[in-house]
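So that you can tell them apart, the chains are marked A, B, C and D in the order they are listed, and the count of residues begins at 1 in each.
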Amino acid sequence: MCRWLAYSGAPVRLEELLFKPKNSLVMQSMHSQLGATTVNGDGFGIGWYDDQGRPGAYRSTEPAWNDRNLRDLSGVTSSRRVFAHIRATTGTAVQQSNCHPFRHENWLWMHNGVIGDFHLVKRDLAVAVDPALFADIEGSTDSELFFYLALSFGLRDDPPAAVARAVGVIEEAGRRHGVQQPIQMTVATTDGSTTWAFRYSSVHDSRSLFHSTDVSTLRDQYPDNPMLHELSDDARLVVSEPLGDLQGAWREVPESSYVVVHGAGEDLGSFAPVAP
Amino acid sequence: MCRWLAYSGAPVRLEELLFKPKNSLVMQSMHSQLGATTVNGDGFGIGWYDDQGRPGAYRSTEPAWNDRNLRDLSGVTSSRRVFAHIRATTGTAVQQSNCHPFRHENWLWMHNGVIGDFHLVKRDLAVAVDPALFADIEGSTDSELFFYLALSFGLRDDPPAAVARAVGVIEEAGRRHGVQQPIQMTVATTDGSTTWAFRYSSVHDSRSLFHSTDVSTLRDQYPDNPMLHELSDDARLVVSEPLGDLQGAWREVPESSYVVVHGAGEDLGSFAPVAP
Amino acid sequence: MCRWLAYSGAPVRLEELLFKPKNSLVMQSMHSQLGATTVNGDGFGIGWYDDQGRPGAYRSTEPAWNDRNLRDLSGVTSSRRVFAHIRATTGTAVQQSNCHPFRHENWLWMHNGVIGDFHLVKRDLAVAVDPALFADIEGSTDSELFFYLALSFGLRDDPPAAVARAVGVIEEAGRRHGVQQPIQMTVATTDGSTTWAFRYSSVHDSRSLFHSTDVSTLRDQYPDNPMLHELSDDARLVVSEPLGDLQGAWREVPESSYVVVHGAGEDLGSFAPVAP
Amino acid sequence: MCRWLAYSGAPVRLEELLFKPKNSLVMQSMHSQLGATTVNGDGFGIGWYDDQGRPGAYRSTEPAWNDRNLRDLSGVTSSRRVFAHIRATTGTAVQQSNCHPFRHENWLWMHNGVIGDFHLVKRDLAVAVDPALFADIEGSTDSELFFYLALSFGLRDDPPAAVARAVGVIEEAGRRHGVQQPIQMTVATTDGSTTWAFRYSSVHDSRSLFHSTDVSTLRDQYPDNPMLHELSDDARLVVSEPLGDLQGAWREVPESSYVVVHGAGEDLGSFAPVAP
């Protein structure tokens, strides 16, 4: 499995997100506290948008904890919207094209979890991808194929509906092949302006997912915490596990639901797959 | 495009094949003389069989010319049957899973050439792969997909017939999508006992392909050539381009034909695609 | 040997420098026109400063031409001062710590050329490095050791004097060991505000080095050239070889001299080693 | 810190040593039980000798647990003498030239531990290396520099004496710079015929080290254990931690001592540094 974070708010230097927090994502790459695996050392990736809204990415097969370039880039790169992901493979190869976040046009996508018995359902899912998109698939993971299913079902128009239909197709393919747990997922996706984050699993026992609460309230409560004072009022984080142990800073995203982050606001919706 | 060699004969240390000849494959990685590109620096791979017939492989995204491990391994590894390939990508990612030779069970496969407008035909070809094999595809190249098509059409039973049917499917898919040159290929494949090498292109203007001639005759002609005296009488090489400029050592494999190498003998057959 | 470029001026997106020019640095990595070697595929590196003057870097052992991260980063990163380097090793290992530009505090350094018979003089040169700096040396190249010699001799206070003394030490060590050509170099270094570029070789037959001329004049001459209109009036490039064939755009830096670029101005000085 | 194993005996396929045991070295790369760190994911290396006594090596910066080439090579490579090492860096870069085992001519060397405050003593130790060997140092680790000190002090003639002198020099340099714990080490070295393994630390609190006991006795005790029946009577392993939990199979190498393995015999000696 994996760990990830999605940031939005005033421009923040990447190292503030990736290296400085007590339980930072890079720290989690070697010592995850809530993950399915302690070590998430099978590559990593970051995606962000520049001040003109163009998406950039840096992905590597090295463990995040010892990648010198990640440290160097993080010190000089700032962005209003950052996706970061550390990978623990569930079987597919460790190669750049299998590192999250995946990108299509201005969209980013990252996933923690697994499509159950992927070997059995892979072909059915590949065939369900829009033929016009099929050849753009670059890697061999379940996560990227899931992204292309969501794109095929309208991610660019209505993300919650598209993800619901993609999950419906995955669950149906699973059932057809006798898979017990067709999908296990927390997923984040963004078009550069809004972030959607989903938490769901076929057996309703999903990986952890949290979002940060209002920064200004926290700042009053914790006047001495430097990280809070670096963040703008509209800063929001959605994370696989809290970056520190601050009481009240993190709220769990409930099972079978999704959160939409746009500006300083966040909305919660319930999530249910839509069968094909 | 790429360059490759296929060796069979008495056990030979890999460095004798890869580093020592004047126009060795490693030399060709930086300065190919007959290739479509001078530089073949987008990864490489070697496959070989141990003395119990088990296939091994070493594949890397580094250029062959500066891979220290390749040099070290080549000095201590000997084999009766060796496939080696240097890659110049025609567009797909530089990653280990895209490096030749590809392997399935005891079969190896390597390809120099291109499936024309691969982006257009990729989905049709993927769908034509035997569903039981589909999920074993690991990379994103045209060459590996070609291998899985051949496996789907009976490579393990009758290689020339299977390759003819695979090429037939590729050409038909190409024509359906208006591709001018559906395929350009030299391909080598082996089950560990016999090597088959094909030369074909839809427009009948194929990449170069040569096989070595009888070693004992050459040895008489060139009593002072050390490489010839290292090789056994039944040693045979099939190569994209000659490893040296010895007169009479290399014979061109004709356009639209294939050569079968088993022991000291080689047979030539003509090759024509079989439409689906 | 290698190829490099040093840019200063208004913030420019890295892809404008690295990918878009006709004879761009990435193009030179496979097809250098003036280099000692055609292929510069043994890794590369870029260094730049963010808007607060902090230096960042991205270095990789992949050939520049197929590094996906370089392409992605270059599209979303802008800087007022950029160093970029493509490497063709003269024998030392292909590893990140041997990729230029090297960095020490806010200084960057890159080198095209070679310390002659480096194996013979390496220990003498290492011993000449300031003991307080010795343990900061990370790689095994002649170029990085040259950087640490320059730092030891006052690079941070007076670059031309420090480089002259470093070269003096290198030439003396070479003569002591009977080396015919102790040094061959074009070197660029910067503190983030000024760039110094040197051209020298012990036998006075140095690698090519050019600097760009006044952009506003060129813009009048070539009203239709898009690249010139992207650049600010104070934009300056120092390069191993011209990025295009524009008449009048490039002026050769003479043998045994150096150029200092600060803002829109550049000064030329003569360079001679200072014996220890 | 790190973990390693040294095998000698009848030719054994590498996968028997690296992958098949319950607590195999590859398993230890993610879950070491006795190591200073749980994860040893900062590269790895193997060294072995072919049937003509030539040393080969494969070293990689990937974690051992996900290196596909390691798995492939291990299945087809057999050797009478194998060194294998998984790395957890104590600060120096993750690069091939820093991966153990290091090699010089026919000698291999690997180290678990650290030269204390290496940054402080590095220059003194580098200067103590035989000038004729200095330029052969390829990486930046304390472990490789320790190897070159041992070579400088006669490793090729009398390994225990040479290591004792090297450690003496390291401890003296440490004391000169106020280092509390100048060295912490388990070291293995071989010339291809004999293996020497040392356990020592300046504060007499060394990392774990074990050697296997007589295989034939064990075989009688455990008639159903498949691994024991794969090994020849003279098979011997020296390891950082036992590869399984077989009672009586492993004997701890005492603090401040070394073991010499030649053929089926092993001798134990006491180890004390020799001050310069």
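Note that in this section a residue touches a chain if its C-beta (ideal position, glycine included) is under 8 Å from a C-beta of that chain, and two chains touch if they have at least 3 such contacts.
Keep in mind that this is a model prediction, so the values were computed, not measured.
Visitor: Along the graph of touching chains, what's the shortest path length in steps from chain B to chain D?
Guide: Contact-graph shortest path, chain B to chain D, evaluates to 1.
Visitor: Of the pairs A-D, A-C or B-D, which one shares over half of its contact pairs with B-C?
Guide: When the contact pairs of B-C are compared with those in A-D, A-C or B-D, A-D matches.
Visitor: Determine whether chain A and chain C, two copies of the same sequence, contact each other through the same residue numbers or different ones, counting it as same when over half of the numbers at the interface appear on both sides.
Guide: Same, since most residue numbers here occur in both copies.
Visitor: If you fit chain A onto chain D using only Cα atoms, how far does it have to rotate, to the nearest 5°?
Guide: That pair's rotation angle lands at 180 degrees.
Visitor: Using Cα averages as centroids, what's the distance between chain A and chain B in whole Å?
Guide: So the centroids are 40 Å from each other.
Visitor: Enumerate the residues of chain C that touch no fewer than two other chains.
Guide: Chain C, residues with two or more chain partners: 68, 93, 96.
Visitor: Which positions of chain A touch chain D when the two form their complex?
Guide: Residues of chain A touching chain D: 30, 38-39, 41-42, 61-63, 66, 68, 89, 93-94.
Visitor: Using the touch rule from the top, collect the residues of chain C that touch chain A in their complex.
Guide: Answer in residue numbers: 48-50, 54-60, 68-69, 72-73, 75-78, 96.
Visitor: Hey, which residues of chain C end up touching chain D in the complex?
Guide: 93, 95-97, 118-120, 122-123, 126-127, 131, 134-135, 137-140
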